[in-house]
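What follows is one structure encoded as structure tokens, with my remarks underneath.
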Amino acid sequence: MLTLEHVYAGYGEAIVIDDCSLTMDEGESIALLGRNGVGKSSLLLTVMGHTKVHRGSIRWCGQDLVKVPQHARARAGLGWVPQEREIFKSLTVEENLTVTALPGKWDLKSIYALFPRLQERRRNFGNQLSGGEQQMLAIGRALMLNPKLLLLDEPLEGLAPVIADELCVAIQRMIRNEGQSLILVEQHVEQALCLTHRAIVLERGRVVHNAQCPDLLGNLSVLEKWVGVRVAHP
Amino acid sequence: MNAILQTRDLWKAFGGLIVTKDVNLSLAPGARHALIGPNGAGKTTLINQLTGVLRPSSGSVWLDGADITRIPPNERVYRGLSRTFQINTLFPRLTPLEAVTNTICVRERKRLNILKRRFFGVSRCSTLIDEAYALLEQLNLAQDCLVETHTLAYGKQRLLEMALALATRPKVLLLDEPAAGVPEGESDELFEVLNTLPKEISILLIEHDMNLVFNFADRITVLVNGEELVTGTPSEIADDPRVREVYLGKGH
Amino acid sequence: MLSLLGVLFDGLAYGALLFVISVGLSITLGLMGFNNLAHGVFAMAGGYLLVTLMSKAGIGFLPALPIVFCIVAVGSLVLERTLYRQLYKSTPLDQVLLSVGIIFIATAGTTFLWGPGQQPVVIPEWLSGQYSVLGLDLSRYRLFLMAIVAGITLALVFGLERTRFGAKIRASVDNQRTAESMGIRVERVFQMTFALGSGLAGLGGALGVDVLGLDPNFAIKYLVYFLLVVVVGGPGSVFGTLLAALLLGVADIAGKYYVPQLGAFIIYAAMIFLLLLFPHGLLGRRKSK
Amino acid sequence: MEKQRHNLLTIVHDVAVFLMVMCGIVALATDQAHAAGDTIKVGIITEMTGTFADFGRHIVGGAKAYMKVNGDTVAGKKVELIIRDTTGPVPDVAKRLAQELIVKDKVDFIAGLGFTPNALAIAPLVTEAKKPTIIMNAATSIITTKSPYFARVSMTLPQVTEPMAQWAFKKGYRKIYTLVADYGPGHDAEAAFKKAFTKMGGEVIGESRVPLKSPEFGPYVQRIKDAKPQAVFAFVMPGEMAVAFMKTYNERGLAKSGIKLLSTGDVMDDAVQDALGDHALGVISSHQYSVAHKSQENKNFLAAYSKFDPQRPNFMAVGGYDGMAAIYNVIKQLNGKIDGDKAMAVLKGMKLNSPRGPIQIDAATRDVVQNIYIREVKKVDGHYYNVEFETFNAVKDPGK
Amino acid sequence: MSDTLARDSRHLTFLRARERWKPAEIAFWFALVGVYFVFPTNLIFVSQILITGLFALSLDMILGYAGIVTLGHAAFFGIGAYAAGLMAAHGWHEPLSGLLVAGLAAGIAGYLSSFLLSRGGGDLTRLMITLGIGLLLFEVANSATKYTGGVDGLQGVEVGKLFGVFGFDLYGKTAYAYVLGIAFLLFAFTRSMMHSPYGLALRSMRENQTRALAIGIPISACLTNIYTIAAVIAGIAGALLTQTTQFVGIDVLSFQRSADLLIILIIGGTATLYGGFVGAAVFMLAQDRLSNLNPQYWLFWLGIILIVMTLYLRGGMLGGLSRLADLYRHWRNKERP
């Protein structure tokens, strides 16, 4: 469904995605791991067209994605949940959900069923929400596009554990019950691994490890090398 | 205490949002100190309070034994506190030579007489220009010092970031992700330069690249949610379970 | 007491006029961030259209107003496509220069077509004169203006706050990048916004003819007033523009009534004072990335 | 390599600057004086663009109308107009234009001058160059005292204001409020009216000065209404200021509450009458010219003017017309040999049959002496006119 | 690169070359001297171009070098013009001291008003504040008819002989020499300042304020400083206009003058030192020529020029030309690999 081949991308002259290749199929869910600043978010931004692609190709459902204008990517089936959530602050919760909605199985009702809190606060403005609610809203907003692929950028970051758990359940439901394809960027490695099928580890803008999640969960020391604080050499 | 740079109970809140919580940072002279932490931990806000762009809600910042909390940013530079930026913050239409010479002239402004400062061409300050050139040479920028900055390769621009900070002759240097955005091939030059920085300069390094942090720093502070989680030597930090939790997620 | 009320009414009515001619600029400047000094050109186009429609086509004052709005809005799209769009990402200075160029061309063009003189406009009988309410004389046209302002404010607020298109505008302004990624064609939205702002300018120009007069220099003559209201109000905020217009209107009228010696100074002094107090405008929104 | 590149860049840059200078020089050179033949050149300095483009349009239209009626040749010489644009009351430009007309174009007469500062600024120049200069519009009293080579065919403000005050007193008005635009001419009108009116025993019970850039007359008119005078004397700039004032005056029902509006003819400008529409009906004004003036000369003028301009002319156009008449007269008398002092001698005491009626240039002050008419705005055949109903004969400028 | 000495001095040579007067610059000023002899009938026009150019140079200092957009710069021009005019009208006829006083008066006004600008707010807020100050000042001059003559202008300005020897004549010869001399002196002053360490600091400030602050440049003090100097020069330009015209019209304070000036500078090119002079020449010549051809509609052509300029010739005349030079350079490099 999505294929990246030797992509070099970045902001202006700065290169943050450095020769990155990966493939994913429909129905698959991938955890994108790696330390801060290795280019995980930038990879999602690249898929959404917000970086400058210097070289390489990105194909999406058989079409060359680099040439697709940014606004058409949502219609093409990409749903993005930005890291900073980027809720439209002068729109109400409900407007945030409906303003860009596309027809499909996800509608207001099913979103409210997934996140009952949003229904309670549907008249509130984006900037009046707590962090967790904003996160739910950002996910809900992306789901309302009925995307073939959902890109989640650190959805659990900075949330209280209770809320994070609630979100995890929701994400799990999407994957297990709805068969939603998604890429999950996450700092909380273990949780991410429990949720998704496959994991990819990024280091300095390139893929350095690629494995099925259960395998990795059984062998965390591999992860320690790429994700942990300790460094391989003394 | 003979710390060169110190914060005392530094606290900063934007409205209800607390971004810096009782931070007590202390750099010994000649220190190689790294500041790490997940995204949104408040590292940039902390830097901005150190350089004076933001004023803390409470607490104080001390440089070389003097309270500089209420001193404007440019005066802090004059007193020896200098920084680099995570995203290149340069003078695109100045040549590196002009940019560094400018920095040195600003530093020496009180020693230049008014004629030299105001009415004679820059080229009259030949000793200062020589110093600028020497510095550029030291940072491998001499070859490119006469073209406009915006035409330089990205890695070279990162080096110029460093050159501008060094040209102020800092006592304390704040390096904000010096390797950010530098592609693999160009980063060696940068690390080399970092390792040759003179020992008299104390350095506070903010960096995500753990290779760099653990190779470079003798002390590390981990910042989480605006709070100092732990400070220690690299090996202490690597073994600290709380740090592992922050970086690897819970359940470890 | 009566004179105080009278002054207050006059001030509010004057504010209403300022609002009508400026609100379109508030939208293009505040929402789209384009320094369109040629706002007055669209207002002037509105005025001349009204005069022409009424005298040549024999259309009445009231039915002419919506026609003016539509024609100016559509006409502005042509300019948006050919000229404005190319400078969306440019420096303010370039935008200023472009719009000044447009002003010059419009001024010369209007002189060529209509001559340099004042254009007569005859407002219908039922709008001229005054109502006397409890000893207070209220101008009918001013009342009409105030009603229109209330209408425009409500329509704008409703349009911006309650419709999907309004939500798209707000989303695009809040965060262009995310809006784009959620499938909003920001470019198209801005085009419509531009047309809306220009259409409102045209409408304001048409409504203002009776009070402000109309000649080829209209665009440059009242430029200062448009900018004054919009900048003080905080670009992009309909309520801010309304508040600023009413505040400046009342200050100006009250000043001229009670201290006529200072007549010309008050509005400028009030502007400088307000801008020093509120550098981003009364209800200004800071642009997010 | 680097150095070479840099050098090249500077050389190209230098060449560019140099070319620019050359272009400038060529541009300067292109307008060196045209070969002078058997022509008399009249340089008209007036406003052709900007807010006051109307001034130039009328003045030039009037001048051309005179040439249309009387032919462009006089005493065997062809008369040529050279029109220069001051863009508005910008004295430094006016002075430069006058200097260029004198030294480069070598004109025989200077004419036009819509604004007082423009006229004042060129006074020393025309004195030094001894160029007869016909003021076709500017209306401040002192202008003619600033150069012995100035002669005026337009009017002065006190000249038209005083008859208004006299008429008002005669009609029984005793309490009058004055409202003027807050600029030099406004202040002059205010002073002239007040002086004449109080001398006779009337009383000015209130004065207002309105800023030039004020679209809103509400508070000023309200003050008048509150002061309850018998009449209000108003002097504002013609154009949108007059329109705005009239509208507010009517809207607030001052006419209905019996407050009569008196004004000078500048405010009741013929050219904007139709823009004023019904608002101006019944306004009394004093002035030297009305389009509705009944005379053969005026008919000729109107017929000729309509060839250049579909819109109505006004007193400025008549100024242009009479100014050309004066110039033609001088050329005739001097038989085509123009000399500054002789020309001035001819101008002094010259009598002309103008579209406005008989006028004369005062031999002592070189200022115009003319009939001032009291008029009322009436609707005739669907158009609005200042209809004259009383005449003050041969009024001199009382300011001197 | 074996010769260390040659390599080491290369950077110094580079900086010196930047500061040296280029042949074209010298030609520029000599050409202006030449105008005196070649076009004796155009001297007033050229001196007015020079005055406007000088005025534009002062705007360039704050717009081009310090990055402040202003629409009220005529305020300082006007203050200078009136200061010189009032002195001359009240018995002090010596021209040079008139210039000094005018510069001083404008400088004080500039210094005081600079504090209104250092407040927060964006370009637009600054634009409106400067505009407001300009308009207020205009109204003051208009109302104070007793002192300024209001819209009729200040009369009785009599300027004495320059150095007690050269009177101001009809052909404007003395005026031209006087204006050219003063313009050159002030230009040389500005030029040397812009090439000094101070000028370098200003340039860096415009390029990037954040970094300028981070290398220790006291930004607000610098802004106040340059704003004051620019006001002084604008004031002197105003005084020159007064002295050569021997009259002060209220238009010296008008919004029109500020707005035209901005257009002139942008046409010429900002931050180039010569942009103001080139822009003034182009603008005023175009105005003069076009309005002679077709007085009513010359604005139309000016409008076309402005639009074409913003779309295809950013950076003004000089900017466009240097881009042409870039193209040429590019082409040359391709020709000879």
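Letters A, B, C, D and E mark the chains as written, and numbering starts fresh at 1 in each.
Please note the rule applied: contacts are C-beta pairs under 8 Å (C-beta built on N, C-alpha and C of every residue); 3 or more make two chains touch, one makes a residue touch a chain.
Not measured: the values here are computed from a predicted model.
Enquirer: Chains touching subunit C and subunit E alike, please list them.
Expert: Common contact partners of subunit C and subunit E, which must touch each of the two, are D.
Enquirer: So which chains count as neighbours of both subunit A and subunit B?
Expert: Correct list: empty, since no chain touches both.
Enquirer: Look at the interfaces A-C and B-E and say which one is made up of more C-beta pairs in contact.
Expert: Contact tally favours B-E.
Enquirer: Going by average Cα coordinates, which chain is farthest removed from subunit A?
Expert: D
Enquirer: Could you state the distance in Å from the CA-based centre of subunit B to that of subunit C?
Expert: It comes to 49 Å between the two C-alpha centres.
Enquirer: Taking each chain's centre as the mean position of its Cα atoms, how many Å separate subunit C from subunit D?
Expert: Chain centroid spacing, subunit C to subunit D, equals 34 Å.
Enquirer: Where the CA atoms of subunit A average out and where those of subunit E average out, how many Å apart are those spots?
Expert: About 55 Å, centre to centre.
Enquirer: Between subunit A and subunit D, what is the separation of their C-alpha centroids in Å?
Expert: Computed value for the inter-centroid distance: 75 Å.
Enquirer: Which subunit D residues reach two or more other chains?
Expert: 6, 50, 53, 57, 182, 211-212
Enquirer: Spell out, as numbers or ranges, the residues of subunit E touching 2 or more other chains.
Expert: Correct list: 10, 14, 139, 142-143, 296, 298-299.
Enquirer: Going by the contact rule already set, what residues in subunit C reach two or more other chains?
Expert: Within subunit C, residues 111, 116, 264 contact more than one other chain.
Enquirer: Which of the residues in subunit A end up touching subunit B in this complex?
Expert: These residues of subunit A touch subunit B: 10-11, 13-16, 18, 35-38, 83, 154, 157-158, 161, 186-192, 204-205, 220, 223-224, 227-231.
Enquirer: With touch defined as at the start, can you tell me which subunit C residues reach subunit E in the complex?
Expert: Contacts found on subunit C: 29, 35, 83, 86-87, 90, 92-94, 96-98, 100-109, 111-112, 116, 224, 227-228, 231-232, 235, 264-265, 268-269, 271-272, 275-276, 279-281.
Enquirer: Within their complex, state which residues of subunit C touch subunit D.
Expert: 3, 6-7, 10, 13-14, 17, 111, 115-120, 122, 128-130, 137, 139-141, 210-217, 221-222, 225, 252-254, 256-257, 260-261, 263-264
Enquirer: Using the touch definition from the top, list the residues of subunit A that touch subunit C in their complex.
Expert: Checking each residue of subunit A against subunit C gives 48-50, 70-75, 80, 82, 86, 88-91, 95-96, 98-100, 102, 126, 141-142, 145.
Enquirer: Could you list, by residue number, the parts of subunit E that touch subunit C in their complex?
Expert: Listed in rising order, the residues of subunit E that touch subunit C are 69, 116, 119-125, 127-129, 131-133, 135-136, 139-140, 142-143, 255, 259, 262-263, 266, 270, 296-300, 302-307, 309-311, 314.
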